[in-house]
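Below: one structure, written as structure tokens.
Per-chain residue numbering starts at 1, and chain names A, B, C and D are given in the order in which the chains are listed.
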């Protein structure tokens, strides 16, 4: 069988910029295929952070991390890989000539990168980063001398190199002969782009493509080729807890109790989706199994509302629910159903659908002055295994999407971020429970499920990371 | 040689001319297609007026467990006969409730654009070269402004509402009417009867509206009735992109765009509203084709002859 | 019996209208032999055009309907032929010159193209067709025939368009030529040439000619036999001389009696200041100078007749005076104010006083308006003339005055005959009660009896209300009867100007003399004598 | 004629500038590209940096001044997202769209004129009823329906054609067929209406009297007289293909300018939006000029 494969993706990459590889449309093409990272998170097993370009690492007394790099690695342009490239890659991320997305993971940190020798490099970070090896799984390495401005033709150490990109039509990756690791089964991958899920599914069916990593639930009808996977996207209703009546915890609880989450499963939301108790998926460190999903209890919800009303809370104020069109599958139907359920217990809900740019205005700070009570339906993605990528932004009083300023939350977030090991897990668990049970910060809904269609000639099972990264080396070819 | 032929008996008893409405009704009766179309449109209009008050509750009652019910299961309640949507809401009451918004947006947009476009076109064809040049270049600008950009801008700045949507859609349709009208005016104004009217002292306004417009009108009507479909579908596309009408409001276009993802396994979701659009357009056009003939004295016999077989 | 070229038997044609059926032609029968010319004379609206359109299969059916009869061409019934066979007959065997050349020429093709098409349908190659078209254009005396081929219909004068139509019909060398009022727009010199051309072709090819005309002079010049129609029926037939000398039917008698050119000539007696004084008016069409400085004066109640060569700028002069076309020089003072530099507001007031009857009546009537709307529009525009309650009554009165019936009020222009449309146009001009009417060949399509009635009407108005007329015409006897002054034009210039008596009795310029000499006489004997004299003159040279 | 074209070109230039100014300011009122380019978690500083990098932090008028300065030298700026000159991005996409539009409109024009004329020739006859029905349904069918149904039938069931994409000639067939339907429906109706009047004119009688066959009578004599509204509507439809074949481009993965424009608008990639509008506007202006010249060509009574 041919070892060339075709992959059809929903959206073309604007750029193939290594430091933007955390963006899913770019990452799916180049992450670990063209551009590699020092470390890699194991998403299939339970190994945690694994070596990639770094062979091992350790933390010295003052919190400095020392990484020992792999030897004999070359870039696709023939240059040898060494510590200078790692340093350069970091310098490039922090350069003001570009806006590298990976920079956001290092917000508020001061980096001091020191080359010890050609294969050893030290990272001194202030404040100390207990999860630095995990963070480095997000940083792609480019050869020294790569322009600081965004580039369109990445050079990396990965098993593939970019051999052709016809914008609008296709991107072709070819396997490298001089790759340092195991030779992948796929020798050539062509990426095609179709926005319509039905067309993507059809292309695998007709043999025009071999892999469609995301198709819609309704298209996934063939057991042999269609697989579902937990895709690390979590749907929730972000509550702006500063504005009455949403600043009353009883009202927030009532919101939670009024929604019949189970009814969505298998109908508007795929059967395999999981009800969420936290904004992070269960595979994440510190995920708290003791937190229970709010039951569907409209009577209780009504009671809570009545109580609040008796205390003078203006529960009759219309609440605006803002959702983004095409944010996730069935968003309109789901939101309409939620609206109906909330109205059943006595809420007044104005449902508004907006396009991306406007959604952003509601979702992120600074919030508009003089706004009414607002709820934003949104989807959050954290496949990185650690809640720190979530908790600060969504709940800390300084977080850009946070609707609260709760001292206890702030304290837990800062302590957990600084902690390591079990301590870290414990603190995150505590925070998750507090946010869910006591603060009732938001209405958590579902951990979503994605579907992919894989041609029968391929041996591939999608994982939670498939949304953001698609390692060609994981794809086998049958017979 | 000469032969004389007896002179004929005076004849040709000419009947009194029937009134305008009687005549139109007779001509409508003569064209059965147009008659059906007219009846259908009356039904649509009635539904647009009373539909929402009549069926709103039925149309918004959700039932997640009965979602995407297939049509033609006559063992179910009558309102489920056309199937149910993704939230288990019965389709045909929804279509009826949606009529009001749909017709309002479509009729509003078409009327606004047709009226403004035609007026400007008449002016552009008749006025001084400079005025005409200005109008035409503005039309060029509108024409090359992608309608979606207009939509994003207007709806972003003014917010999304039925009225704004009507505005957006009408702005983008103005150039067709404008250009068509102007092109026709350029030709018609050289005709002799226009000069004759001028000799009588008819004002430009009268010449434009009484002499030129009636000649252009049928073409504009054809365009306008076709634009009905265009506007409904454009509105659907806007909804899909998140800048048009959004739930819980409903229109046929929105229903289509919501049904889009189920096209391959629950076709009825977008089929019925699509059919509603098709039937409405078809009716409008049949009626406009009929009207074109009914209003044209040279063609009118086609309908009159059929009406009174051996009149 | 069976060897007639054309025989029409018992033909009847009906038209459907909202108000009832119009019997346009009723049981008419006539025949025509090879090489013969049959003239159809008759009242305007009597069914002449319709019956000939029936021969060509050009009646829209429905709303028209041939209710009875046969039309035999060489013994074969055209009405029973298949569409295909019928088409082969049209053009190839029968050709037609239409009454209304402007609307019958395709406005978007050059006349040369239309000529060539006629020839090519006839199986002639393109280059040959070009040469033949040119030859025919020369034959019908079109000026600058080569350039004319590339011109579009609207760039011609009325008479020139008519000659294009004639050339196109003759190009086909038909066995049968139907000529519907072929010379209404031609001045008499050109008319003579065209008639001669017809005769010549007839001699060459043995063509049968069916000529529809109201001009008794034309009848006496070309026709062998004549049939007379009235109200859709054939009322009389016979040789030209018999019918002229010894008419049987009352209508025929009336017709012959009405022939103009026998009355007294007007002596201009108007006093006072002139209402219109035209000085040195010029007009260019591209490089072509259509008017080369025309000047004249007009007093209230006076009539200036403009006669002259077809294409000499008569209609152009009229259009310029009415500001339908911008002049390129000169002045025209209407009661002291210059018409050409007047503001739109003043012009509007003035429109009431100045009216025009266009040369092509069909095109000047809005096809979507009924007769009532067409005529009453004048009062919609100038409401001070008549209160709305009286409109209907007044329209009826006007229609009656021009010889139409009030029942015609609800009909649309396409439902009328050529002459009837012309009368609607006249009624419309009269509705405004203007002070000056420009009549561009306003009575050319009317049979002499109706013509006489209309002329009497105009003359009455002139006397009663002091209306002045600019009367463009080619029919010299008519001019003689109606005008005070005569202005003779040739090639954009006024070549002679004088009172009727001066011009008619004592023409100065050779062109005027030629014009008068070419005038046809209704009396076949007189005309035969004239013809012989002319031939004698030609052979002497 | 030449002076007309010159005057017209000048006027078009002015309106092109007007268009540019309008789009420039209006599009900037529709929100901040920084928050769309960067993930929601990005800090305010990063967003500020993004704006600074692309000069979006400057006062609008300054930005405009710079933009105009660049445009004059032929530089339409870089795409905010693609790190490529905006004009390159647009021209690449526009080529596809242009071909698609040209081929589709050519086919549509021919087919619609033939069908519409024949329908008018026998008004009320079977062919007229049938073709009206078909074309009207065509004009009111949602295009994505057609696209998906076409893919299901011709690509999946019958396997005659590829589902989508570019490359071979067969890739063009489905998109063109789908794009064909609506303009066809509309133009057929316009042709039909216009031809009914033309066919009842007196000059058609003349042609019949000359013995001209029905074909030339319809397509030569009447058609040219009926063409004025027809070419206007053809122009309108072509324009909407030039800047709006979004659905078809999206479904068939055709890298045209319609989809590009939508994406850029939704992402607020201003430079690409401006460049795309400039390019399509230029094409549309040119087309309108050609149409106006065509009026004069078709009808000698119209003179400029």
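Keep this in mind: a contact is a pair of C-beta atoms (placed from the backbone, for glycine too) under 8 Å apart; a residue touches a chain by one contact, two chains touch by 3 or more.
Composition by chain, UniProt nomenclature: B, D = Peptide/nickel transport system permease protein; C = Peptide/nickel transport system ATP-binding protein.
Bear in mind the structure is a predicted one, so any value in this text is a computation, not a measurement.
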{"item": "Chain pair showing more contacts of the two, B-D and C-D", "value": "B-D"}
{"item": "Whole-Å separation of chain centres (CA-atom averages), chain A against chain C", "value": "88"}
{"item": "Interchain centroid distance [CA atoms averaged], chain B/chain D, Å", "value": "22"}
{"item": "Approximate Å spacing (C-alpha centroids) for the pair chain C, chain D", "value": "51"}
{"item": "Separation of mean Cα positions, chain C and chain B [Å, integer]", "value": "45"}
{"item": "Multi-chain contact sites of chain B, meaning residues that touch two or more partners", "value": "152, 156, 190, 241, 263-264, 296, 298, 302"}
{"item": "Where chain C touches two or more other chains at once, by residue number", "value": "154"}
{"item": "Residue numbers of chain A (touch at least two other chains)", "value": "198, 355-358"}
{"item": "Touch-based graph of the chains, sorted into line, ring, star, complete or other", "value": "other"}
{"item": "Each pair of chains that touches, named by its two labels", "value": "A-B, A-D, B-C, B-D, C-D"}
{"item": "Chain B residues within the chain C interface of the complex", "value": "1-5, 7-8, 11-18, 23, 190-193, 195-203, 206, 210-211, 214-215, 295-298, 300-302, 304-305, 311"}
{"item": "Contact set on chain C toward chain D in their complex", "value": "56-58, 60, 87-92, 95-96, 98, 100, 103-110, 117-118, 121-122, 152, 154, 168, 172, 362"}
{"item": "Chain A contact footprint on chain B (complex, rising order)", "value": "60, 62, 64-65, 67, 85-87, 152, 156, 240-243, 246-248, 258, 261-266"}
{"item": "Residue ranges of chain D touching chain C (in the complex, touch as defined)", "value": "200-203, 205-213, 216, 221, 224-225, 298-301"}
{"item": "Residues of chain B touching chain D in the complex", "value": "33, 133, 136-138, 140-141, 143-149, 152-153, 156-157, 175-176, 179-180, 183-184, 186-187, 190, 218-219, 222-223, 226, 228-230, 232-233, 236-237, 241, 256, 260, 263-264, 270, 274, 277-278, 280-282, 285-286, 289, 292-293, 296, 298-299, 302"}
